[in-house]
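As structure tokens, here come the structures.
Presented sequentially are two complexes of chain A, the first with chain B as partner and the second with chain C.
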Partner chain A sequence: MANDREVLREIWEGRLPVCFQLNSEETYSLQAPDAYYLMVPRLSYFPLVTDKVRKHFLKYINPEKQEAEMWLDFNGQPLRWHYPIGVLFDMYASDIQLPWNITVHFDKFPEDELLHCPSREVVESHFMSCIKEADVLKHRSQVVSNMQKKDHNQLWLGLQNDKFDQFWAVNRKLMEASGEEVFKYIPFRCYRGDGPFVQHLVRPVTEEGQKKTLHHLISEVFPNETDLHVMTHGIEPPWETPLQWLSEHLSYPDNFLHLCIQTS
Partner chain B sequence: TEPQTTDPIGSETPKSEKTDKTKIEIRLKANGNATNYMKKKKWAVDPDKKISSIMEFVKKNVMKGEVEKSAFLYVNQSFAPAPDQIVKNLYECYGTDGKLVLHYCKTQAWG
Partner chain C sequence: MAGTVSWEEFLQCTNNFLEISDQLLDGWKLCGRTDSPGSAYLVKKLVVFERTEKESKLCDTFEEPLDTFLEDKSMLENTVEERTTWEYHVMYNQSYSVPTLHFNAWRSDGALLSLEEVWGRALKCYRGSLEDDKWTVLTQQEHPILRRPFYTLHPCRTAEFLESLKEKSSNILITWL
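Our next item is the complex of A and B:
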């Protein structure tokens, strides 16, 4: 299980400075609104941290748009609310200067590119689905289905309220290899460019029982490719990092490793 | 943007080669309270097809007006993939015997 608590803590405390600005074409008032600055947790999701952003800009937009769903873009690229914030940042990291400038919209929702997020419950159900999927990969879904509803709630509330101890008291059960030494498969998603992410079945050990590393994962998913860089949580983990350790310590709260792939 | 319906795959079709251009066989199975069933259960779909288009397809063709909002689709009878997940990823991880089985129902199941 996840033993290196300091690493878990560091990962949990990752924050990004964001400068939110209203799309200038949507300013309805005479006076342009001030930008709104926030430090946001990398592990969270935008709909969980932007209530105040919405409130700040509402008085500057068309009164008819007061009930409209807010959405965000960076450099003209709509930001998917169902990806953790840190993943979105790492995807575009090479183009970003801090603070991260994000444009706020209430109009012209990009239906083809974004999923709707009418409420926090939608985020919760997406988050829990990811945890269940990860558990299918790790433990054939045995751990999550043996949990009680209150454990599921605790995971969600721990994330939503940014409570490390609350979250990890339950998450540690999901990060145990349950009797065996390793997970069955490593839950991960690889992001490259703007296309859909890539998922494969990758075991944490070779057929001979040797520990696999990040290097194994990358060469299994992107065979015959060289000069790739892997970014997660704003760092490039060493390629010799064992996959089992990586999964236990550098997974997002949804229990997936989210790896952003760049070509050098 | 619907899954292709005119190109059923025979069950004997070899599925050993998985390239980007090869279509993926999916099986749609009714679960619980989905009262309308399809006679045809096998479909060949493009690997890059999003789950959202299969949800739309099930809603239009199977549940014919039964559901207001959407159909629910489940993998392994355990989790609901995100609407923008693509068939290829699910097939890679959860496909069995050359096909991907998706259960559909009109209300949320499996939590």
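Our next item is the complex of A and C:
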């Protein structure tokens, strides 16, 4: 059970300062637009927080492209909108100086790299499918499937509208170990450089019933590697942090731990 | 959990599947590594020719001499032949313990088909019952290994479907596909 409410609150309130600028090649008007500054929640997804960004830049681009899908890049890398904002930041953290400079595009959507996001329903569908997958890993999917549709909606609305209490009223059920002491498997993803993320089946306890720690997880996923640093939510959790606690308190709203791995 | 397949069963089924595919010249191959669960997957590429209705083009052809116009039979036909390339991947999803189907389809100009276009072509038999759940059954997702966008059939539906097949099928992959 996620009992350390203060930790949950701090994580929920994480924000990042972003400076959005229009791709200079797409400026159609005589005058280049001003940059748009915004504090974005680490736990959210870009399509949920950039409506005003779109509105701001739309008037400066080719009038025939007003219906075009907006996409973002950092340092020439298209930003995968389906990763939570905080995960994207931590992935590129070593190259970022605040404010985070992100370029806005409306043209030449990189179809071979980015998923399309024509509406908020697509983000919701993605978010809910992550929640379901986490539930399968933690509880053999018994909790989400026993919830009513209104509970699913409450999770989504809580995230969209930045309502901590609304979100956690439902999420606490997903953070309970339902009859057992611990989750079956810990939902997590490890990101390293440009490769695919790594996701393995890892239990929160050893065969003998001892609590496993972050150190155990990293050793299982990256055996024989030393000098690794694990970052999540902009911090490096201590190696001795128990996995069960980590999963209950430091997961993103999608119920996954997203860990960025760096070598020193 | 009901309707699930282990990694080992998946590998066995893929080996069996490939033998049959090779006999039938069906073109499936195995890619990736078999030593790590979820790292190997079946791939098939396919080019499909379709005839679709063409809008009338009479209005913009009067620059050409009339006899060339009449010689070009395709102008008189109502349909045009479109070439689409399809690529299918069958992967193993470790979280759900089921196989998942990922695919992409491109037009002849290299552009990716949209989700609407895919729904229109691929799933005529399912459209009635699944229309309401459109956004949750078939979505674009990141391919777990290649990291590129692929259309994916949602795994939780697969488990339901597989459960109903398990007793009757010796090779679950073949029956599911």
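Keep this in mind: the second predicted complex is superposed on the first by the 264 of 264 C-alpha atoms of A that agree within 3 Å, B and C clash if a C-alpha of one lies under 4 Å from a C-alpha of the other, contacts with A are read in each partner's own complex, and residues count from 1 in each chain.
By definition in this document, a residue touches a chain if its C-beta (ideal position, glycine included) is under 8 Å from a C-beta of that chain, and two chains touch if they have at least 3 such contacts.
Being a predicted model, the structure only gives us computed values, none of them experimental.
Of the two partner chains placed around the shared chain by superposition, chain B and chain C are both touched by A:K132. In the superposition on chain A, A:H82 contacts both chain B and chain C.
In the superposed model, A:E121 lies in contact with chain C only, and not with chain B. Applying the stated contact rule after C-alpha superposition, one finds that A:L228 touches neither chain B nor chain C.
Of the two partner chains, chain B and chain C are each touched by A:P196. By the touch criterion defined above, A:L58 reaches neither chain B nor chain C. In the superposition on chain A, A:E111 contacts chain C only, with no contact to chain B. After overlaying the two complexes on the shared chain, residue contacts for A:A93 are found with neither chain B nor chain C.
In the superposed model, A:H152 makes contact with chain B only, not with chain C. When the two complexes are laid over each other on chain A, chain A has residues 80, 82, 115, 125-126, 128-129, 132-133, 136-137, 141, 196, 199-201 in contact with both chain B and chain C. Chain B meets chain A in the complex at residues 48, 50, 75-76, 78-86, 89-90, 92-94, 108, 110-111. Interface of chain A with chain C (complex): residues 80, 82, 111-116, 121-122, 124-126, 128-129, 132-133, 136-137, 140-141, 187, 195-196, 199-201.
Here chain A touches chain B in the complex through residues 80, 82, 115, 125-126, 128-130, 132-133, 136-137, 141, 145, 152, 185, 196-201, going by the rule given at the top.
Chain C meets chain A in the complex at residues 1, 37, 94-96, 111-112, 114-115, 135-136, 139-142, 144-149, 154-156.
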